[in-house]
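Worksheet for the structure shown next.
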Amino acid sequence: MDSARTTVDVSSLSLGRLRKQSRLREAVIQRLLLACALISVFTTIGIVIILVVQAAGFFRKVSILEFFTGTQWTPLFQPQHFGVLPLVGGTLLTAGIAILVAIPIGLAAAVYLSEYAQDRVRRIVKPFLEVLAGIPTVVYGYFALTFLTPLLRNIFPDMIVFNALSAGMVMGAMIIPMVSSLSEDAMVAVPRSLRDAGYGLGATRFEVATRVVMPAAVSGIVAACILALSRAVGETMIVVIAAGSTPKLTLNPLESIQTMTAYIVQISLGETPHGTVEYYTIFAVGLLLFFMTLLMNLFSQWFVGRYREKY
Amino acid sequence: MKNGSAFQRHLRIRQITGYINGTLFFLATLTGIIVLIVLIVDVFKDSLGWLDWQFITSYPSRKPQEAGLLSAMFGTLWVMALTALFSFPVGIGTAIYLEEYAPNSRLRRLIQTNINNLAGVPSIVYGLLGLALFVQALALGRSVLAGALTLTLMSLPVIIIAAQEAIRSVPESYRLGAFALGATRWQVVRNIVLPNAIPGILTGTILAMSRAIGEAAPMIAISALVYLTFIPVSPMDRFTVLPIQIFNWVSRPQEGFWHLAAAGIIVLLFVLLTMNAAAIILRNRFQKRTEE
Amino acid sequence: MVNNVARLEAKSLELWYGKFQALRGISLVIPQNQVTAIIGPSGCGKSSLLRCFNRMNDLIPGSSVKGQVLFDGRNIYAANIDPTEVRYRIGMVFQKPNPFPKTIFENVAFGPRVNSFIGDLEEIVERALHRAALWDEVKDRLHKSAMQLSGGQQQRLCIARALALEPEVILMDEPCSALDPVATLKIEDLMKSLAENYTIIIVTHNMQQAARVSDMAAFMMMEEDRAGVLVEYGPTSKLFTNPQDKRTEDYITGRFG
């Protein structure tokens, strides 16, 4: 009697029937699992279709030219203007401040953790930085509004309560772990033999870190920065709470602005009826946001694929 | 000796430069930690005196002294439970399919790239998807169910990636041994791969959940209410969640509400802390068991 | 040891990795402008000894050194000596070729750049590539990536990289073990020609190679407590034809190792 299969009772079945039963079950299971995998595909298709279809409702009433080149965004006031540039400007201003904060600190931390720190220090410090990434964004928004803004207003008396600088800085703090963790992964992947070669030529630790390791890890580091930027662009609650709701095209971080994400929240909180142009604006803006972040993510993947060194 | 040669070396300067920069790198690392500590201390200070039993068991109110978290807590519980119910099987199933069943084909790479991209989509976009698909098209209304489905879609990429990593870390030799004994693929997965991958899968899914708990943006987009004075009792009821309640309080100018927000944050952080601790404990316990 | 000036000398050298003693009581004198080979069975500490000569062991946490290594009479392990100072004058080539993922030119130029070289970089790079017998093969693609070279070419590039600093001593840690026989022969010829101007110390587990290229040979072994010791040291021809120590004889005749 066949006793290799311990999971099935063989005594009452012939071998032939056993094979057919389990073959059927295997096929069903495989189909089920494939269905699970396809859900993710449908999610993407769903996002694209919905955004495009609903945004079409918007573009039927508003010209694409006005949307992309207009410098005023006043869909809720008369006269209505639908130029999205102020929202894009607000998004880029806050995201720009965020990466100005996060990239130097994040890279420095990554270099420290991968090239200088002893194992013990690394094991304590890394979890702390991970915690920074796990804090909900409403908490960061609270912190920006109630702690950082009053602090900054002592330095900049002209600053308005809702401003891009507070929100941007706190966003920067939020994405530091992303920059540092991904960059550190890239640097740790550089093989020891390259460092040895650098030391063997009489370079100091700082020189090896900056002139051997970082250039060798550059593709991963650049990808990390682009992904962090993409995250900052898509961030919502921090800017909703602390950056304001006045769409304005400006480079002054002390002023109140509105980002694309904050606008969508503003409309969602309100009582805008369905089917109106104002309702469709959130999908038009959402579509633009989706494409911006998608392009950044795709670019970062392409960049790594093209420039990564194989060790 | 080579001292007279063209190599100036500037050893002293290089040493000093290296030292200064090394210190700067260390300080930068400290900055991240300092920000974290300042943030937590500040929130804690603001919440003193406002976090008490009455706070947890009351509904929100126009008077700060009487307001509480009750509806938000229940809303969060409902949504989390349903999200977990939907996302675990689908996420793990997808990971199993990709790692164990899918041949290394174009389709597989397409799905993989797709998942990686979905992980980077802003959460508010998922909210828009939920609004148009679940609330409108499927006519689920602004219900707990719609919220849970939205968060499911948002959490799936994170869960899938974590589960894939856990499954990949199971040594190939285990699988080969099982196949050699005549096991079918599903038997190998169920009896060999999954038990060994569970610690990693659990950790990943709990972490994904803890991210979803803190998300206000997608829930706002599907119009979870901001001011709710009842507890949802069925999946079709309207609801609100902790982060939205906190957001609502932060947005009010009266001073008392900011203290409420801080107290709410402490509760939220406490929930997150518990979940993460549970994830770590579970992982350690499972690891010990598989090592026996 | 005949009429050659001493360049490097190890005096009662001991190397510890934490509590584990890797080298014990090593004393030997390396003559100038000759090839000295360190041979012995695997694990006996040959590479560890080599790395003592340019203080690369300093990079391993927990390592410590007792005794002295004298370079032109001065102890390189003295408290006031910076290791980078040592490595600038004593170069190293590693077992597996490890060019930087930069261009060929940038690889060779790295050492001079980092050590604040003033002068014509292109001239120094060209000279180093000539001396490493690589110039003809790469002169038309100096600004292409070094990773596209073959294994043997990469190793010669690493030699050129070390030569660009005009070191006085070159340490080579099994430089041919990752290469095919043709590339190996090229590097062996290179070693012999380099010895006219540089002092070379090579570690090799290949006895025939040691016999081919070296003037002096040091035979090491691992004792029972796994510490490496120097068993015998002398001119290569004598060591191989008339070894004084039985352990040397056993190793050479292939009875172990």
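Note that the chains take the letters A, B and C in the order they are written out, and that residue 1 is the start of every chain.
As a working rule, a residue touches a chain if its C-beta (ideal position, glycine included) is under 8 Å from a C-beta of that chain, and two chains touch if they have at least 3 such contacts.
What you see is a predicted model, and the numbers here were worked out from it, not measured in a lab.
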Centre-most chain, if every chain is reduced to its averaged C-alpha atoms: A
Two chains sharing the most C-beta contacts: A-B
Separation of mean Cα positions, chain B and chain A [Å, integer]: 14
Rounded Å distance, chain A centre to chain C centre (Cα mean): 49
Chain centre separation (chain B, chain C; CA means) in Å: 52
Chain B, residues touching no fewer than two other chains: 14-15
Junction residues of chain A, two or more chains touched: 204, 207
Sequence positions of chain C contacting 2 or more other chains: 84-85, 88-89, 115, 165
Touch list for chain A against partner chain C, complex: 118, 191, 193-194, 196-204, 207, 211-212, 215-216, 309
Touch list for chain C against partner chain B, complex: 72, 82, 84-85, 88-89, 112, 115-119, 165-166, 168
Complex contacts: residues of chain B adjacent to chain C: 1-2, 5-11, 14-15
Residues on chain A engaged by chain B in the complex (per definition of touch): 4-5, 7, 22, 25-26, 29-30, 32-37, 39-41, 43-44, 46-47, 50-51, 54, 104-105, 108-109, 111-113, 116-117, 125, 128-129, 131-132, 134-143, 145-147, 173, 176-177, 180, 204-207, 210, 227, 230-231, 233-237, 240-241, 261, 264-265, 268-269, 274, 282-283, 286, 289-290, 293-294, 297-298, 301
Complex contacts: residues of chain B adjacent to chain A: 14-15, 17-18, 21-22, 24-26, 28-29, 31-33, 35-36, 38-39, 42-43, 46, 89-91, 93-94, 96-98, 101-102, 110-111, 113-118, 120-129, 131-133, 136, 153, 156-157, 160, 181-187, 191, 207, 210-211, 213-217, 220-223, 226, 243, 246-247, 250-251, 258, 261-262, 265, 268-269, 272, 276
